[in-house]
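Read the structure below first, then the notes.
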Amino acid sequence: MISRRSFLSGATALVSASAVPRGALGQIPEPTSSTSPVTAPPSSPPNGSPFKPVVTLNGWSLPWRLNDGIKEFHLVAEPVEREIASGMAAHFWGYNGQSPGPTIECVEGDRVRIFVTNKLPEYTTIHWHGVRVPNGMDGVAGLTQPAIRPGETWIYEFDMNHAGTFMYHPHADEMVQMAMGMMGLIIVHPKDPNTLSVDRDFAFLMSAYNIEPGSYTPRVNTHTDFNLWTWNSRVFPGISSLNVRQGDRVRIRIGNLTMTNHPIHLHGHSFEVTGTDGGWVPETARWPEATIDIGVGQVRVIELIADSEGDWAFHCHKTHHTMNAMSHDVLTSIGVNFEEAAKKLRGLIPGYMVMGDKGMAEMASMNMELPENTLPMMSGEGPYGPIGMGGMFTVFKVRAEQSHNDYSDPGWYESPEGTTAYLSKE
Amino acid sequence: MISRRSFLSGATALVSASAVPRGALGQIPEPTSSTSPVTAPPSSPPNGSPFKPVVTLNGWSLPWRLNDGIKEFHLVAEPVEREIASGMAAHFWGYNGQSPGPTIECVEGDRVRIFVTNKLPEYTTIHWHGVRVPNGMDGVAGLTQPAIRPGETWIYEFDMNHAGTFMYHPHADEMVQMAMGMMGLIIVHPKDPNTLSVDRDFAFLMSAYNIEPGSYTPRVNTHTDFNLWTWNSRVFPGISSLNVRQGDRVRIRIGNLTMTNHPIHLHGHSFEVTGTDGGWVPETARWPEATIDIGVGQVRVIELIADSEGDWAFHCHKTHHTMNAMSHDVLTSIGVNFEEAAKKLRGLIPGYMVMGDKGMAEMASMNMELPENTLPMMSGEGPYGPIGMGGMFTVFKVRAEQSHNDYSDPGWYESPEGTTAYLSKE
Amino acid sequence: MISRRSFLSGATALVSASAVPRGALGQIPEPTSSTSPVTAPPSSPPNGSPFKPVVTLNGWSLPWRLNDGIKEFHLVAEPVEREIASGMAAHFWGYNGQSPGPTIECVEGDRVRIFVTNKLPEYTTIHWHGVRVPNGMDGVAGLTQPAIRPGETWIYEFDMNHAGTFMYHPHADEMVQMAMGMMGLIIVHPKDPNTLSVDRDFAFLMSAYNIEPGSYTPRVNTHTDFNLWTWNSRVFPGISSLNVRQGDRVRIRIGNLTMTNHPIHLHGHSFEVTGTDGGWVPETARWPEATIDIGVGQVRVIELIADSEGDWAFHCHKTHHTMNAMSHDVLTSIGVNFEEAAKKLRGLIPGYMVMGDKGMAEMASMNMELPENTLPMMSGEGPYGPIGMGGMFTVFKVRAEQSHNDYSDPGWYESPEGTTAYLSKE
């Protein structure tokens, strides 16, 4: 039914993604895996055209093997365990040990060959969202290729003709597989490293999960009522801070693979959208923004000059997206007599604390008895006391130049535990 | 209370929409009706200024009568039955036999007179969303006119001063009437047919319904939890494919009359928004996009060069909007022991199949026992197996020029059954 | 832990918001308070640089005291009662007697000192959304300052360096405090009053509440299922109309502090977005719009020429956002036999009226027996009968010049009761 010619001949036209013939399995590059939630320090490319690597928040970039001028990557779709933040782990499906999968970085003009091994219990495919590939490489099960069955390894091969920020995710049983965490970023750097150049380049994906307090596996048929709103499958205070020098030109690449819009707000600065999953936005078309609403399936690349020193909140502006799971189950008792409410609430939710007749500020510092594997609703300790946040929140840290380390020092990007380094005052 | 002078004199200032006097009923043009869900082939205008007609997906355009230089249309608001896709029909309210109503096409500068007959059991009006009409023609019940009572015929008359893409819908009991399917498109073509000219011109409205499995009539007070996400009141595989020649400049006009944003994603191409319900977007202001988030009550006109041959998925990127109704009722059992789960699930949902301990991919090909008049959650058979989609999904088919028929051939637009022609490989 | 030096010295760099020392309390300006829901007539600034004041719909602007060239404002966070529309009051938290709080107006280049007294039962802060303040003034509890405890008065001091439209709200227990109504607008006028000048300048915030029929206090943990969609904590017909002269250049500044997008639609006109919370949109980047989708935490400033006379609907296009609370509880009975349905519905909802076998139009005029402190779902009487709306709906009234009063006449802006003046025909 499908042509396997592409694997053997590298034919460029009218090819389909194809299964690796059994005899050719030995040619596949060994997959690289990572289970660490710590942001990997960016490293320069060992071969091919030079580029300035991105920093994937709480993630890493996938190494490639250069084979006859083609960059060969190997993605393995498989069950993974992800630490959402200290105190909670989730059972996801992801790639190469982690959800989201590793970032694929390459250069405009590169030809890539991506091997995809399916170690899931059901079939899958990969769609390269935003990359203009030949139709047979588009990864839509049934429409452009048969689904990749469990145990099979498939090959996608195409040219990266446009610099930009793209995403990869399954296009087979896709509601389920994305609800389980299957997604990753693709960064295609400009051929000329001086084009569109910035001093700092960060990237992350937004995803949402519905994991009942006390359990580990997301419910896969949730449509809107998620309880974990994440950046790269992490929540505050488990999300790395974005550390820059004062005066830096900063790029932040954000993709949304949840089920709703996320209005991303940066404090203390005005920024512009300079790119989308469709290309780069001309200067004449750019708007100054303090809050950019990112639709589902969209990429928004924002850029700014980090001209104001300090610790700046950077978060989704939907307030329940900066809370963790428990906010669903809390009843309002503002204005209700505390003693009366206490009796009633204990009847409804045995073992839970009563709170909230004066608001919920006290929650940020109290130690509630939580179910196993459950994060507190409001969390994070800052230099001036509890921050009282969760979910899609981190800190954009701007420091004067002389107080900082070299760009290549991972300590610059990351506290040792992979969390927002809001406590360090450098 | 209201002036009927406009009907008799055609006065252009300070007029209100008005009821047709009983004695004048004979002057009203006979209404045209269609109940077919097949995309009607576009036909050139029989009189008036020339224009290149749009292709309304799974719809048709309303003929007019030229009367003293005025284009007279006749809309009949009435209960209709619509095939949502093969295997399911809905009891809607619509216009002239169908929901959505027929597309109204005219030319910039045209004066139109639109007769509206109310055959519904309650009152209604029509608001011409985006068209800059005199206040008395704006169709807001109570504010700019009395509501049109059942049995009455009203007349709206105004000039179409601006080319663009607009919508019509009631502005009376409007949450109910739009939840029941009352809406249609208005295309005002430029006076000069060479202005803003394209090779292919498609149009559709997005609407959402909440029809319980096994029933026919939408629930009209649903706010967000709809279960049928439609394009022109059709779901995949019941939505026509968009068929174009390679190299064509293609315009797709999309209006959103649901209750939430729809991020529309086209595979394999980058596109721009060139128009809205407010006018045409200047070239300096356009963004390249792969996914455009369309807000409620907005029109987004997108344009692109179809430079890549193949069958390209074209869909809303909220994954539950490409599923049909049953996805609400499926419990997650990934990682749960199948035999244990089977017993429990059968207890909860007698007669339903157990699924999903390994994901839900298998659903795309299984034959579940479904309630009467209910579509499977995942559907569609492609050249490489089950596609496993529903809802707001269709295929953008790009073929090399020589393999295709003439623009005016309806076979070009449509399989005989009015469905996505993904099986034909031409 | 924090420096109080700023209060005494006015130091401009690296300062934090700080508590007022007990001995200095006498220096604080007396707070001004208002509990009226009527739109206050705009008044010219008594000192400082001249500017043309905004009209805050159903709100007012906070007076200041000029102290050594610094404009001193005093905000008091406190429980308030707000009339939502005639027939319903809510128990909110707000500022200076009202929710939303008063608008803060000043001029580009102004230095402001804002005293914040906390009379709430829990701690709070104020974040100046979009204003580029020094980090210590950013108002994020725990991160940039300790929270302001009940009974304390704090001081924020910074320069207003950019003209624009911004918002203030707590950044401490923020989901709760915003769900309770704590928010306000900040307008920074250009230094040169001829820059960006318009004839009419309106402003309002969008907020959403979940108040059960028959009760007064919002539920504070609602994520999406709100039942009161408000503009400046008012619903139709309790929202002032926007009254302008034909030919006026009109600016409307809209901020969204709800939990979802609001697509704002203006009838009869095309408009452009000219500003955001990040700055002013260049002319080359502007789109013509009839409906602008405003994301959460965003400001959108729209401008238009009011060239068409009449009463134009101006509203959110999500139809359930132009309904009031009761729409949740109504069952659909379109197509159901009335007599059968009547019995069933009366059994489910004793004391309620049966409706809707022919749609719900009849609701707009019937007198349902409502719970205490509850608005009808559909409301408003227009010149041509019931309008049948609620929530985020008002009227943009354009009149020919000679028929209108002077710009400074409050009667121009407002009916005596503070409601949409749709009945007056001038």
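Letters are used for the chains, namely A, B and C, taken in the order the chains are written, and counting of residues starts over at 1 for each.
Heads up, the rule we're going with is that contacts are C-beta pairs under 8 Å (C-beta built on N, C-alpha and C of every residue); 3 or more make two chains touch, one makes a residue touch a chain.
These figures come from a predicted structure and were not determined experimentally.
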- Task: Same or different, please, for the chain A to chain B contact, judged on whether over half of the interface numbers appear on both copies.
- Result: different
- Note on the structure: Rounded to the nearest 5 degrees, the rotation mapping the CA atoms of chain A onto those of chain C is 120
- Message: As a quick test, compute the distance in whole Å between the mean CA positions of chain A and chain B.
- Response: 34
- The positions of chain B in contact with two or more other chains are 224, 261, 284-285, 293
- Message: Applying the document's contact rule, which stretches of chain B touch chain A when the two form their complex?
- Response: 224-225, 261, 263, 265, 267-271, 284-293, 308-313, 317-320, 322-323, 327-328, 330-332, 334-335, 356-364, 378, 380-388, 395, 422
- Okay, in this complex, where on chain A does chain B touch? 1-2, 14, 91, 120-124, 127, 129-130, 132-136, 138, 140-147, 162, 171-180, 217-221, 223-224, 259-261, 273, 276-282, 284-285, 293, 295-299
